[in-house]
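First the structure, which I've put down as structure tokens, then a few questions once you've had a look.
The chains carry the letters A, B and C, assigned in the order they are written, with residues numbered from 1 in each.
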Amino acid sequence: MGYWPHTEDDTRQMLDRLGTGSVEDLFADIPEELRQSADLELPPGLSEMEVEARLQRLADLNLSSDRTPSFLGAGCYDHYVPAVVSSLCTRSEFVTSYTPYQPEASQGTLQVIYEFQSLLCDLTGMDVANASLYDGASALAEAAFVALSVSHSPRILVPESVHPAYRAVLDTYTHRSHIELEPVRCRSGVIDLNHLSDLAQAPFAAAVVQNPNFFGCLEECAVVSRLVHERGGRLISVFDPISLALVETPGEYDADLAVAEGQALGIGQSLGGPGLGIMTAKQDLLRRLPGRLVGATTDVNGKPGYVLTLQTREQHIRREKATSNICTNQGLCALAATVYLCALGPRGVRAVAELCLQKAHYTRRRLAELAGIELPFSAPFFKEFTVSCPAPAHQVNGRLREAGLLGGYPLRRDFDWLPNGLLLCVTEKRRRHELDALVSVLAELCT
Amino acid sequence: MKTEPLIHEYSAPGRGGRTASVRSNYAALADVPLVDLDVALPADRRRKTAVRLPEVEERTVVQHFTRLSQRNFSVDTHFYPLGSCTMKYNPKLNERVAALAGLTQVHPLQDPATMQGWLAVLHALQEALAEIGGMDAVTLQPAAGAQGEFLGLLLIHSYHEKHGEEDQRRVILIPDSAHGTNPASAARCGYETVSLASGADGCLDLEALKRALGDDTAGLMLTNPNTFGLFEKHVAEAARLVHEAGGLVYYDGANMNAIMGKAKPGDMGCDVMHFNLHKTFSTPHGGGGPGAGPVGVKSLLEPFLPVPVVERHTDGYVLNHDRPDSIGKVHAFHGNAGVLLRAYAYILSNGGEGLTQVTERAVLNANYLLSLLSEAYDRPFGSHCKHEFVVSARRLKGEKGIRALDVAKRLIDLGFHPPTVYFPIVMEEALMVEPTETETKAVLDAFADALNQVAEEAAESPDCLHEAPITTPVSRLDEATAARKPNLRYRWPDRLGEGSPE
Amino acid sequence: MNTPEELLYSKTHEWVKVEEGVATVGITDFAQDELGEVVYLELPEVGDTVGPDTPFGVIESIKAVSDLIAGITGTVVEVNTLLHEEPERINEDPYGEGWMLKVRLADAGETQLLMSAAQYRQMLEEA
């Protein structure tokens, strides 16, 4: 099944115009030896019904959180996606439009991005936001490059409480540029301030703080910020957008750059992609920022309008001297986040955050009562928390699955000092009976 | 069309509240015993000021964003011949299957045993792309073409590192007609870039290549057909020369729409390539993203692929993290899975024969359209092309100073999205046109008429070009002021940005 | 294209005016026209040294960015800070209010390597 519209008549007329007998002639410039081996050995095309049936069958093979309550977080979250978000994000004028290089023909997209940038500044307390990057992990890597561009030092201090996959991506991005990533210990579930202080004795470009961190714990951001700035480094914050309805903001603790994964803002889990890389910064770093920026201006008749601006930072002009190689933004995902924040408003996001806070708190309180469960960390936490189970985490998850629940993230692979560690996430979608069921399963394991 | 205010301008205290059930039904949803906020979250860790977001009801949200959508040109409303972007029709079937709950509500870190359906999709897509590209292995992690390029160059670097030559091989060779992401990606990897001047025929100049090759060559980045829409006939020879010098060849797959079933990059001597799923494979552009940029490699680079690798074993699919030579990760999870899924549905729908027809019709459409423009526009590289072509509007400059930009703006008034302008940078007043295979002959004829009309107007009534566009919600915008005095966010009028205290 | 006779010119479209060992530097009318509306400049600070072939700054318009190379060696003694707020002066008055730097020359003889107005005009014609 193909989507081309050519009738035989059209094709003949077009070939006549070209003075050739067949379409094959148009490929005469491809050397014969390449033509010969070019056949595509793929199964024949399927009808629409067959494609849908096949994908439905494959979908049915997956455990999905619409049928199985999920306690899995670790950077991707089962938050509720309001109907208005899905509805507006499937409008084909948004879905099938392109990068707004011709602003007069793209005011819809441009205004959405301007609103997106504005909302993120309000949410984070930062001065400027870009039009988005691919995801949280690459946003952290890009932030590191920004900090390095204004520093003489190649060192970035990275706590172990930062998401392990983000640290891996950061390492991959910086490995070949002689950048030194130095881990900061976090054995109590938050940054070891003494260790950070030691590492900050020598010049460094930036320190990263994730808040809430990978374990769900809240860091002492004000203290970290003071320490980092006193020693002449920049502070890069990695935040959870939902948390900012309640938790202190990067702007409040004086972060220089603040990045995040925006998936929690109305974008489904979808196996972890596409996501939404959020980047915000202080004003003085504006011209170092990667990615697109939309600015407000007026047209020749004085009407307000929006354009891509400061484009000379970008690859299509600056080429090898660009601030980054990035060419896309996550346009449609940025739209989803914008609609989400507008649909919920300040009271709505606060309500989501409070539900996550209270429900996670309740769950952890009840688990604390179980003799076999340890709670390795005592710091305040948001939405996620770490437990140490009486059995290896994958076994615990197996029992949870039997009880019709999707368990948490086993920490052992990334943190060998938490061999039975399990990271549990409780969002606003979790009902009390699901939380109690989780506790029951773990209670059984403890006896 | 009236100006549509910012959503913030609709805001008033107390508005909104029926939305998203969460807020209005908070009491019902808060079904656990609650503790004092101070107990759950000490004050020193909380926001000091209340979050300030627009307060609007759902009906206004819908009206506002619906109106904004109507201020966009899109593939679904207009012919969109942006060269190098492949703005083909986005099949609605793909949207339907991408929305299946059994796919959207799956977490990337679930036990692989609980996501066999997804892993089957990923694996099948890997195999299909490998077949289409003539490569040995594929990774789906890169979130876009540029990230794919970056990954590909990292793989090249790892290869040279494995052979102890990473310090020596510091240079990537790139044709001057290349997309800007090519040198930007190379610089990101720590490489120096050397630009190769294109020959008079618009193609890679083998002599220039020979002069540039040396012990310091890490690789060559190539697009084929190139950005002028011309097939690089000497690609195999170029690849041979690079390999002889000890370098590797990177293939930018942005133009795959021109060669599916007719040539495979793997057969051209390429060692690594990326695909743009949002170009060739019909996934929608979304106003700028999300896309996906899977990377294909020959077996010599396979050990360096990012983790985890999706593998099929006899008892099911697994995620292999045990890859000692892997370059690490470019994505936190598995890539832009939602986008990958749409591309997979597209490949299933077309099959091998269908994709070959896609290419044939894309090339037919481009050649036909080019043949209609010979009078008014310069075609420096002859009368044939592959799936896209570049013409120059320089003849229109004349005395009235009409430039490619003016042509673009006038086309908007005539009801078309303009082609790409000023790319490749080495051509004067360039218009790069890619009709794709999904357009009818009637549309191509109408577009040619419009372009020829514009050429006439350039001489006879240039004002309507200088003043264009006049049919859009806004006319030409002051980009200079936007850059000199950047206004990148809304500022609430009653303050300088903060909300009221908690 | 305005090309004042009394100035000297570099291959990269800067103009130089030397008075008592101090060179004033800017970009030519041709350069500002090619660039389009200037939106931003990165200029050195007073006290910085400049060299003949290394860029002393960067100039940006909406659609292009260009290195600034003076073709002379010396120490920066003054920078036209007005251009930070009003970069458009470069378009409006490239030889007057659009001046960028004043440099104390290390070697007065170096200016002989620059072009005269006639030579610069010829270079433009040949391109």
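We adopt the following convention: a residue touches a chain if its C-beta (ideal position, glycine included) is under 8 Å from a C-beta of that chain, and two chains touch if they have at least 3 such contacts.
None of the values given here were measured: they were computed from a predicted structure.
Colleague: What chain is most central when centres are computed from CA atoms?
Modeller: Closest chain centre to the overall C-alpha centroid: B.
Colleague: Between B-C and A-B, name the chain pair that shares the greater number of C-beta pairs in contact.
Modeller: A-B
Colleague: Using mean C-alpha positions as chain centres, tell me how far chain A is from chain C in Å, no decimals.
Modeller: The answer is 45 Å.
Colleague: Between chain B and chain C, what distance separates the C-alpha centroids? Give it in angstrom.
Modeller: Spacing between the chain centres: roughly 38 Å.
Colleague: Taking each chain's centre as the mean of its CA atoms, how far is chain A from chain B in angstrom?
Modeller: Computed value for the inter-centroid distance: 19 Å.
Colleague: Multi-chain contacts only, two chains or more: what residues does chain B have there?
Modeller: Within chain B, the residues that touch at least two other chains are 479, 483.
Colleague: Listing for chain A: what residues touch at least two other chains?
Modeller: 311-312, 317-318, 321
Colleague: Which chain C residues reach two or more other chains?
Modeller: 39-40, 60-63
Colleague: Would you tell me which residues of chain C are touching chain B in their complex?
Modeller: 37, 39-40, 60-63, 87-88
Colleague: Sort out for me which residues of chain B touch chain C in the complex.
Modeller: Where chain B meets chain C, its residues are 422, 479-480, 483-484.
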